[in-house]
Structures are given as structure tokens and as C-alpha cells.
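As written, the chains take the letters A, B, C, D, E and F, and residue 1 is the first residue of each chain.
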């Protein structure tokens, strides 16, 4: 059976700052610049979730997009939308929320939760319309 | 010689519904939800056609985009644009037109028709601005 | 108090064809071309709903966008999304669903239903990413 | 001489929450919902600044866009980008930063600062890709 | 009968430079900066053409978009696309091709050519995705 | 450590024409059509630069985007923006500036200049919003 990739784009808004708790203000500012601004800033994130699998000969779907949407909505979007990524999200505790670390954490929330027969193939996380991070679960 | 990928995006509008002819209305609606709505609905599809090949040292092209455009226009867009995917397209006869099955059928129309020296590398078919399917011809 | 305009963009997919019931097939095709294609085609419509009003000094809102979203969702989107505009929508009965006639019909559904203190200022209805119709309720 | 409108789009990221300091948490949450989330959230704002004037017969410009860009950059973007709209911006002190109130405050920063011969004609402030506020300086 | 506005977006690529023939190189560069670069630069322009009129009760159209498309294609796009705006276009002879002057010249090409019953209401000309000029034919 | 890809999108405007210096006008026009237009045309190019590497456990970055931005700005954008690709750029001397050849030349400018620990993984160069070329450095 042919294998395809199916992508659904979702959206969330969140506040964050880039800073390590074990560094002082001066060092955080030197490394992270404006992104370390102490009173937070925020973004409209776009998250493209791509799953891969064979086409089900019964339905013609790799995966019903409603199922995928609901899964990402429940496990990721509701947890992050209108939240502070440094303070409000238990599974980001102690993580400096760069786009890179955020996408890895989202991967770990989603990969094990996908229904049988499909696998998480790629996450693309847009922080702004001009920069994004892409993760395929590769570990070196 | 370096190998590159060249992509051209094309557009078509079509009506469809998701339903199997051998299932009754109730089952189609249970599985496909609103997408099984009996009087059809439709989409503005965007189709990104990617070919791969070596750069021709004479022209500096992998493939003249006008040639690619004309090929996709003739073999795909004119057949699908302003049509009903369930009723009007001979090469979709009997296919439940999910985005997945549609992209596979388009692949089969295009892959053998490309000029020598390039190969069809990827098709991306957007059903809405928030979901798309990606096919590279892989068979498991 | 300052007056502003607030816009919310919503989305629906629908099938339609352009044709008058009192014209024969040949005349419909001559006037409407491919858009008269008998088995329907369809679009991803984008609808931008703009309301105008004074800023409420208590909330800082012209209108809570959730209220606007819910109103448009209930009175327009649920009625049109995944439907056939020629067949399925009581309030479009007998209307040849050009973008122009569709936007006027949507205006009539929304204008009287807005909460006190705001007025419907403009509707923009995109049929494709390259053409749209704009209505401000003007009658000559 | 013909009069035209010239628009420049600029970008900033900021954190905010919707809440009145003189309301308690329960009331803020009831009125503002998730937007009152205590640890902030944020957005990628897009700001479209439109000026109107006659075309200068010497240069063919209404206004040199570099001048407009520099003005908005200095008076607005540098003050808001990577900041907290509730805490960090002196000219937003005590303002509940809805998109409406934000666009009015930006208007007051920009309108008096434009060079002679042009006037600020319109501000459009996008909070997300699906909602925006539009202000033309009208006072009822 | 209700009046509406109908917009069609078209596209062209062209080279230009900003410079007055009666100024020397030094003065052109001081006023126009990089845009005066002597060997030209260029843009992908987007042109949004908006016409206004009553809905024709027969067809439900303000104007058949194919008619509008063909008119703009013939009178504007074919003349500008893949051309040099300073050198190749008779009706731009002697014009310093700022976006402002370009949109006025396009207006003069289109306004008198529209079919009876509609009027040219607005032109928007995008030079880049972040700046555009808007003209409604107003003369002060 | 997990490996990720980080992308930054940058923008430049340039003039060019497709033509070989060793072909006569007739042959250039036959092969390259309107793109051989003698007085140049131009584009708004978008360049997506993707680097790949491990996440630095100290910063949470694969690479500080400011570093990447500065590198591409200095080595590519400043050299191409508002320039003529056939005439003004030493490292494009003698190159027929198709999008394919342009992306290869950009690759050669960027790949050796990246900081240790990351590698250039992909360049995507958009010539218009509807066509782009993609290069990953592959040599057949």
C-alpha cells in the first residue's frame, strides 16, 4: 500500500522569555538579548503536525484529520494556548523555552499518543512568519 | 552535476464528497461526518509539483517551468478544475476522493509523463490552508 | 469616544454552480462558462466580518470577538460549511450563488443580529486567494 | 495633484493579558476568559501604517518609505517589541491592552509625528492572522 | 439595487530603478538610495483591481471576472510583465517609476476602459509583501 | 542529543534576465522566452536558509538566529539586494542567473561560512509566490 504524509496546522498564542534560572540577569541578557526581557514577550505560534502511514483501503484516509486535530488540541494546544511557557506548563518545567526545546517537548507529548498504524513523521513550529524549527525525532 | 528540486504551485477548484458507493448513507455519515454531506461541498486546492534532476549545463534549468506548467495544466488541472471529483473524472472513477487518494491518482497521471532526465519527487496537495497531504511515490 | 472597526476572519467550504433555473443548459454555459459545470464545483471561502462601534470604556472592546465569532458561526458558517449553496440552504433558495449574491445574503443574516452599540460595517468574501467581493450594505 | 495612500507593514512580538487592575481575578476571568490568564500570553502583531498625501512632483513619492519606516520603528516598534504591554511601556500605563486600546495609543504616538504634507490615514493592527482592528482617528 | 465592490488580484514581474533623468547620479543616489542602483533591480508586483457597480439582476454579477481579468491582462499586465518600467513601456516614458506614479499611470489605462455600468473604485499595488500603494482616483 | 533543523527566511529584490552571452538574441529568446527580455525584469526573492545541528544543552539553541541572520545578510543579501544579478555580483560573473544556478551559488557562499557544529541542510529560493527551487548540496 502507498505511504503518505498528512499534515494539520494548528495555532496557539503564548508568552515566554529565554533565560536560564541558574544564570544571572546580566548573563541571560548577554546570551539571549531582547528575548531575555524580564517581563516576558510572546508569539502566535503555528504548529504543523505531520503523520505518516499507509492509506487505509476502507476509508481512503491515512488518519482521520478530526482524530489528529483532537489529539493535538487535547495534548498540546489546550496546555499551551494563552499560557506562559516558562511558568504555566508542568511538562516544560525547568526548560528554557527556545523553539527548539519546545518542539522536542511537543514531540514527546504526541509521538507515543498516535493511534496504531501511523507514526509522527515531522513537527514544524513557526515562532514568527519568518523563522521555524523542524524536528523528525532524530537522535544522533 | 548538482541535483536540485524545482516546484511549481498550481490551483484548481472542485466539488467532492467523501462516501463509498457500497456503504449506506448512515455509515458514510458516521465515518466521514460533514464530508459525506449528500449534495457535495468543495475546495480551492493548491497543488505543489516538485521535480528533481540535474541542472542542464546549457540552459541552467533542471526543467523549463513552462514545460512543467503546461504538463500539469494539461494532464491534471484541466481535468479537475471546476469539476466534481466523484462524478466527472474518468481516472477517479470509483475512488473515494480523499486528499490522499486524489494525490496518488495525480501522481500516476504525472510521473510517467515527465520528460527524460527529471523525475517526479514530491506532490503536496493542500485541501485547505490548514491541511495538506504529501506523497513521494513510496510504496511500502 | 473613538470609533473603531474590528474584523474577524472565518472559513467555510461549499459546493456551488452558477446557473439560473429559468435558463437552459446552453445559455447557462455561454454566460457562466466553466462555473456552470452541471455536477458542481466548490471553494474554500474566507469571510471577513467587520463591525464598527465605540470602544466600551469598561472592557476596552468594541465587541468581544468571542461574541462576534459565535454569532457568525451560528448564523452563517454552520449553515454554509460543507453544504451545496444551490440546494441545501433555505435562505439562498432561488438565488444564483455568485459571490456577490452570497455576500448580500450573508449581510442580511448578520446585520440585524448584531448586539446593540455596534453596526455591521463591511463584509469581504474571498472565493479564491485571488478574487473577493466587498459589501458595505450600500443601496443606490 | 493626485492624492494617494501609502502603507508600510511592520512587525512586533509582545506579551500582554487583558485585565483591569481595579477588578478582581474572578471578574477579569469572567469577562476576558483565557485572555486574562495571570501569567500572560503574547502575540506576533502586524501593524499596517497608512499615510495619505499628494505625490511630490520632484520625487514621485507621497513620502519616502524609509522615513516612514524609521518613524514607526523609533516611536512604536522599539517600544513594544519583546516587551510586556501591561508592564513595560510608559505610554500604555493603566491601559487594558486590548487591540482596540493599543491601536488608539499607537495612533496618538504617530499622528503628530508625521512630516508636513502627509497625514496618518489608517492603522490596521493584526493580533493574529484571523483578527484585526482598524482605526482612522475618528472621534464620534 | 445593492452596490458592491469586486476585486481581482493579478501579478507581474518587472525591473526598474528610481532616478530622474535630469538629476545626476550623486543626487539620485542621495534621494533614492539603493533604489537608484544604476543596473536596475526589480519586483514581483501584485495588483488588486477593484470595480464598483450594481449587481446585474440577470447574472448576479457586478462584472464578469473573466471580462475584468482580460481587460487588465491586455491593457496592463502584458505591457509591464517581464519589462523594464523605465525603458520598455511607452505610457511610462519620462516617469520616475515609484509605486505611486506607477499606480496613477495604471489607473489612467484602466479607468476609461471599463464597461458601462461599473467604475474603477480602487487600485492597490504591492511592491513587496510589506508595502503597497492605494489609489482611488482622487484629485485634490 | 536531538538534532533539529532551524530555518530563517530572508528577502531581497533584484533584476536579472535569462540569457547566455555566447548565444545570439534570437536563440536566447527562443529558449528563455519573456525571461530573456533585453532590458531586464526582476523579482522579490524569498530565501529560506535551513541549518541542522544538535541542540546546545547550555542555550537550548541549535544556532542563535541572530548569528544566522547576520551571516546570510552579510554574505548574500547585501550582495544581491537591489542589484542586477547578471551585472553587479562578482561571484555570479558569467552565470546565467536561473533560480537553480542562483541557489547553487548561494550555497557555495554560505556552506563554508557556518559556525562549527551546524551544517547547511537546505536552501529554498522562491522566485515568485508560485515557484521555488530547493537545494541540499547533493552532487550526483
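Simple rule for what comes next: contacts are C-beta pairs under 8 Å (C-beta built on N, C-alpha and C of every residue); 3 or more make two chains touch, one makes a residue touch a chain.
All values reported here derive from a predicted model rather than from experimental measurement.
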Shortest chain-hopping distance from chain C out to chain D: 1
Centroid comparison with chain F (C-alpha atoms), farthest chain: C
Selected pair, out of A-F, E-F or B-C, that shares over half of its residue contact pairs with C-D: A-F
Distance between the centres, which are taken as Cα means, of chain E and chain B, whole angstrom: 34
Between chain E and chain A, distance of the C-alpha-averaged centres to the nearest whole Å: 42
Residues of chain A whose C-beta touches two or more other chains: 129
Pairwise chain contacts, counting only pairs that touch as defined: A-B, A-D, A-F, B-C, B-F, C-D, C-E, D-E, E-F
Residues of chain A defined as touching chain F within the complex: 18, 20, 31-33, 95-101, 103-104, 129-135, 137-140
Residue ranges of chain E in contact with chain F within the complex: 11, 13-16, 34-35, 37, 39-44, 81-84, 87-88, 128-129
List of chain E residues in touch with chain C within their complex: 1-10, 50, 54-55, 59-62, 65-66
